[in-house]
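Order of writing sets the chain letters: A, B, C and D. Residues in each chain are counted from 1.
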Amino acid sequence: MAIIERETEVTATGIDIATPTTTYGVLKRPVAATGWRAWVFTVDHKKLGLMYGATAMFFFIVGGVEALLIRLQLAAPNGKVLNADLYNQMFTMHATTMVFLFVMPMAAGFANYFIPLQIGARDVAFPRINALGFWLLLFGGIFINLSWFLGGAADGGWFMYAPNSGPVFSPTHGIDFWAFGLQIAGVASLTGSINLIVTVLNMRAPGMTLMKMPIFTWMMTVVQFLLLFAVPVITVALFLLSFQRNFGARFFDVAAGADPLLWQHLFWIFGHPEVYILVLPSFGIVSEVLPVFSRKPLFGYPFVVFSGAAIGFVGWGVWAHHMFASGLGPVSVAVFSLTTMAIAVPTGVKIINWTLTMWGGKLVFSTAMKFSIGLIVLFTVGGLSGVTHSVAPSDTQQTDTYYIVAHFHYVLFGGAVLGIFSGFYYWWPKMFGKMLSERLGNWNFWLMVIGMNLTFGPMHILGLQGQPRRMYQWTEARAGEGLFNFAFWNLVASIGSFVLAVGILLFLINVVITARNPTKSPLDPWNSRSLEWMTSNPPKEHNFDVIPTVHHLDEFFHRKYEEDPATHTMRQIATAEEVLAEQERNADKHIHMPSPSYWPIVLAGAVPIITFGMIFSHLIAVVGGVILLFASFGWALEPSTAPESDFENQAAHGTALDKVGH
Amino acid sequence: MFSTGFKYFLGVTVLSIAALIMSLFVLDQVAIAGVAISMLIVVTALLAGIAVVTRDGQTTTSTPDASNELASQSMWPLVTSIGVVLLALGLVTSSIVFFTGVIVLLAALAEWMIQSWSERASKDKNYNAAARKRVLNPIEFPVLAALGLGVVIYSFSRIMLTVNKTTGATLFIVFGALVLIAGILFAVKPELKRSLVVAICVFGAVGIFTAGVISATSGVREELVAAKAESHELPECGAERSEHFDKEATGTLSLRSSVSATIELLDGKLTAQVVGFNKPQNTVTVRRSTPTSLIFRNLDAKEYRLVAELGTRTLVEPEGATEKNLVCTQLTAQGSEQLLLLDIAKSPKAGTSYSLTVPGVEGQSIELVVP
Amino acid sequence: MTSVWIMLVKKSRAILGFAAISIVAASCGTNAPQDTWQPKGPNSKIIDDLQRPVFAVAGIIGLIVAVAVIYTLIKYRDRGQPIPEQTHGKPALEITLTIIPALILAVVAVFTFGAIFKLAKTDDTEMIINVTGQQWWWEYDYPTQNEFGITQPIISSGQLVMPVGTKVLLRETSRDVIHSYWIPALNGKRDAVPGRVQTLRLEADAPGIYAGQCTEFCGLSHANMRMEAVALSKADFAKWVANQQAAYVAPAKDSLAQQGEEVFLNQCVRCHQVNGLMRADGTPAIAAPDENVWSGSAPNLTHLMSRNTFAGASFDLLSKQCRDEVWNAPSDVVGTKYLAGVTEECLNQKDLRSWLRNAPAMLPMYANATQLKATGGKYRGMPYLALTEDDISKLVAYLLTLK
Amino acid sequence: MTDAAVHGHESSTGISNIKLGMWTFLGSECLLFGGLISTYMLYRGRVTGGPRPAQIFDIPFTSVSSFVLLMSSLTMVLAVSAAHKSEDKKTNLWLTVTALLGATFVGGQVYEFTAFYNEGLGFSTSLFGSSFYTLTGFHGVHVTVGIIMLMALVGIFKRSEVPGKKAEVVEMIGLYWHFVDIVWIIIFTLVYLIPV
């Protein structure tokens, strides 16, 4: 457990130190501070979760602006908003930003914030590694986007197929920035996944068996395992690419006998699990929200768990369905066609279970619930269009057309993004102690759903009419006749994208209005079911005054309600406030959380310096390497809690704990 | 007393003088080096004088809270001066010396700064020591680790490059065994004198490092020198056997997906199986400027190679002369396959043609058409 | 709460209506040239016969889910009922609902397998065409095939000409990056991967021109990398073959075209081959694109005017009116119209001239040698040649003679 | 990495956080080496210029250096066992010996690379060259990182500032070290012993 009993640990190591009355300089270990330092040097999983969220939201806006530019360019034939080069950079970076810098960090944010709370832990297993992960992600994201100002961004598409990504075909540094930046973000994902896996496996509250774990934690655990095994594969691919671009390796050089399909295999072995990495967190969120607003447990909890795990497994055997047109040979195509159909089954199980969760319930249509219902319907559309191209021959007509664009936006926007928004509305009071406006939320929901259908719906038709993807312009010569031709649907899609943008703007407005509104939220505004609600809003630094012992799935609900043996309906036996008061009465003594640390941000800061040096001057890389080595040894030599001597004037200010809580 | 600053500047001066004398003997660019170093000597000597007169600019009053004890003895001034001199020497000699100087200088300055800072961090000596450790250990550990690691790796690779292959392997296992034995010895005899242990370790370290340096100066073994001089281009294709080229000629290459045609030799007959054509062909179309792979499958009893005759090419030396432009596979045994990778930029000149033949098999050829 | 479910009902209507419109519009609405639902050959028919029922099944399942969700939302909305029993699921129901979709998919899989292997069949091929992709055009070469009268290799670009009712096998590869060959009316797509030779079967039922587009992202002008497949009746195809193999006819002495030939020899022949073209000294003019262009190839311009497009198939060589006449011709006369080639009055002077004037301004390319360190200064695409208007006129006159 | 060592007293699985974390990390490493090995296996025969594998490999030498690396696994086991018995001196001794043997192996690899380079196999000579250096280089970097960790551990122990139980930390690094050795056995078999 990550609770530090500070007792006599420090003196026990033999260094007998009296606290000096005055010290100079900054060489003290940071202790729980206020202001910006409280954030920059923090190792608190909740603060890091929020920072992940804020970073992701920032990149969501960046990626969104890129998307709007793309739609502006394509609104009419022979678009002139962007030139071919800029357009190629735009769609590459739109995908990269949305996948790696928005959805993944956002999911990491939710996971960081809520997994320890949901399993009744006080922190994650490795708090400093957690901080390192966040800073790496942030620096990696900034690093990739630096390329816009240093000669142009990557222009090979997010799939970066070789040999088009080679030095001959993309002579700017864009792809170097892209490859190194993703490498950095990859390390962040890897450290995050190790951390959360250990947290979930090792730090559950007493009594919480794996099958009593909240479903969101379950889905996130599956995601972490997917990350754990998928990230190294893309790491290898990116290394091969970087070595080719920067050191003259020949991995994708056809003249040397190389096979460009190697990249595609490596990329998609990572890339397909990545799809589930993006969408499973939202499945988890929805599986939390639906039971709460149906007042009923998740239907078939074990089925949902195992279907999630099954998706995690089968997800490894379907990668080549991205390559049906690459020329794999009929046998491979047939096999991957079959596995792709197979993975539709566990996905279907989830849809059925969500519907059956609502069946027989007492449905409350809050904004969070609406987003979840939206996900069920829209993700189904995406899933079914997915089935149509698991049929390989039909996929050879559809792949690389707008039909595919439509498909994965229904999956990722209709799936991942709606789930994330559902999570925002559901957990906002938990994270900030204030409720997002439900009225604005309603507008937000409908504008997003309508905008999304207007934007991506017509793309189905465009694709089937034969408009390929990744074209910086389309011409009237191939647009077809009649009203419902390319021109019409492209215009509809572009209008839809702005409706969608307004919907998302409303969310941001909602956030600002809520922040300014002094009204506090009730302790348990949704009548929720799982452990994270058994703390104050927002939670104290140490999460729980006493670690609860778990007896049920949906422990919190069962502490509030009891079954009436006659009618089998539930009646309330305690309010949330009473449950919490009970906790506070039995609070643990001597809880010490790990102290903040300088090292994560220093270590993370060294990495982009190294990669920057790899691109421009190896001398800079050496400097970065020295900082990295310095920081990692500093890290290794640092005890988890600061020595007593570093806590300033404790008598006056009380313990760090007291300052931060409440 | 002599102040720290004085010691430092004096050190630089003395070492600079040594460097000047050395450079006079060793270097050709005496003018630049001499001027540079002489300037350094003058400046540092002057500064040393100032330092000793002003006692490093220290006034008598000390800050109230900081420690006003005299600075403890320190080796960092000396190391810093060594760094400066190395740096200056490196400027005129080699970049390795220069960078060593930079690293030594930076390391020493960092150590020095932090040490002197930590000595005044507070009144509490223990606290100061702890503070120093916290900051400096992260620098010292990796530097020491890198040094130790570097010495072993460098020395070892150098020794191995010098001695011949068999001796190298033997030396390697002997060294491994020695390390192991020493470990076991120290483990079972913990009562061994500390000085003995240190002696063995130092002896080992110095020994290996010296051997490494000696090896480095005496150069790599002859075979490697010869190998380096050798051309590694694939040699010409003739009917004659080429030892280097055909050494370890092996079976298939794993490029099946990209094969354009398979050339079969059976019963003295050469035929081409072209992807898409149902019947054997006697022409193969090869696209211009496109890496194209052909598989040569030898089903005949003897060893053969497939040769592509691609017109003539002009030689650089003697100027204007031409020779046949040939590309070939290695010798291919019966039942095995070899890959031939072609990349032809131009169509054959009018009246000529490109063809595939097998030396030793007469009258059989397949035309290569390059549209 | 009522307002919510009314809105949900409305939304469901929108979705249903939307799905209906989508299907109708996509399948028979607009006659787009690249429509994937209008097969014009046996290969694409195999795909079409497979995808129509799959889409229907998918649509029905989608409807069932939508209806089920909406019904649930209406029926179980919060009307003040007590908190329901905390049931955790019914395994039997779960397993049934897992097996049903699995069975449906199993049926789909059986038909899919059949189609995959039918489409992969190559052993009954009747004709072979080599297809080579490069940035940003396609080269076609026809190996010697006596049964079609092809006695010497034919090389062409922009338009794939093929006989109807013949099983044509394309052997695809690429000279630089991955491209993808796609004529939706005739078959699905197949990538042209450098270093690999991959096959794609095409067969057209009726004469006509079928549009396609490169579908693997291949750099700057990916959007402009188009292709057209021209299916001709067997008799017309024989005429086309004969014309392609016809000897070079030098332009008449002292004509504008002859001056154009000189310009061509000075400028264009560095990259572009015209078979049979002689230099003034009587030696054949051999193009050396490998010295100037990174991919080592530029379109062969022999019989340029027998094609309807130039610069790959990025631009039309026919004026809009003439082009529409050929494209919209009924299938029994399309061959005759196509074989007429490009005449002076039908030539798309405007585009051809501006192409000669400044090609990179018309098509995004890496045509500035100073920026191409990585390619050793070789172009990728056609550079700006600084031709005078006079030279351009001469060249156009000359190109018109390349029938 | 040592945070949890302080409080490894209770965990749901009974394995301490750092050890479980290392196991998880090694799981991920399997995929990393899996990807690199696949790349090598795909490209090992593809030589369009420069030496072919069989022409330059020196199997006797590589066998010897593999043996040295395997020996280091043994000394690592001894270090772990000494740490469990709280014999600080012996722990330090065996850690040092392990590091030395590891450094010897890396020295051998540097020699091997230099020799191969002299014999004409550069990083960009052929696909075989690129994939060989990448695969074995990645392994070498892993060994080097391992050595640095071992030496740091010795340094930290000497200053007796290690937070938490020593045995846990030694065991965790031992896991890493054994993993790196096992990977080498696979690489040695696939790269050197199986003929192309």
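Simple rule for what comes next: contacts are C-beta pairs under 8 Å (C-beta built on N, C-alpha and C of every residue); 3 or more make two chains touch, one makes a residue touch a chain.
For clarity, every value in this text was computed on a predicted model and none was experimentally measured.
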item: Of A-C and B-D, whichever chain pair has more C-beta contact pairs; value: A-C
item: Centre-of-Cα separation between chain C and chain A, whole angstrom; value: 38
item: Inter-chain centre distance, chain B versus chain D - centres from mean C-alpha coordinates, in Å; value: 20
item: Interchain centroid distance [CA atoms averaged], chain C/chain D, Å; value: 51
item: Chain A and chain D, separation of their C-alpha mean positions in angstrom; value: 33
item: Where chain C touches two or more other chains at once, by residue number; value: 194-196
item: Sites on chain D at which at least two other chains make contact; value: 42, 46, 48, 152, 156, 161
item: In chain B, residues with contacts to at least two other chains; value: 137, 141-142, 146, 253, 255, 257-258, 291, 293, 341
item: Chain-to-chain touches, reported pairwise for every pair that qualifies; value: A-B, A-C, A-D, B-C, B-D
item: For the chain B and chain D complex, residues of the former touching the latter; value: 133, 137, 141-142, 144-146, 148-149, 152-157, 160-161, 165-166, 168-169, 172-173, 175-176, 179-180, 182-183, 186-187, 190, 220, 224-225, 227-228, 230, 232-234, 244, 247-248, 250, 252-255, 341
item: Residues of chain A defined as touching chain C within the complex; value: 83-85, 88, 156-157, 161, 163-164, 167-169, 171, 254, 257-261, 294-303, 325-327, 329-330, 333-334, 337-338, 341-342, 344-345, 348-349, 351-353, 355-356, 358-365, 370, 373, 376-377, 380-381, 384-385, 387-388, 391-401, 446, 449, 453, 457, 460-461, 463-474, 477-486, 553-554, 561, 563, 567-571
item: Residues of chain A defined as touching chain D within the complex; value: 1-5, 9, 13-14, 125-129, 190, 193-195, 197-198, 201-204, 228-233, 235-237, 239-240, 243-244, 247-251, 253, 255-259, 262, 266, 594, 633, 635-637, 639-641
item: Touch list for chain B against partner chain C, complex; value: 255, 257-260, 275-278, 283, 285, 287-291, 293, 345-347, 349-350, 369, 371
item: Chain B-touching residues of chain D, taken from the complex the two chains share; value: 42, 45-46, 48-52, 54-55, 58, 60-61, 64-65, 67-68, 71, 75, 78, 89-90, 93-94, 96-97, 100-101, 103-104, 106-108, 110-111, 114-115, 118-120, 125, 144, 147-148, 151-152, 155-156, 159, 161, 195-196
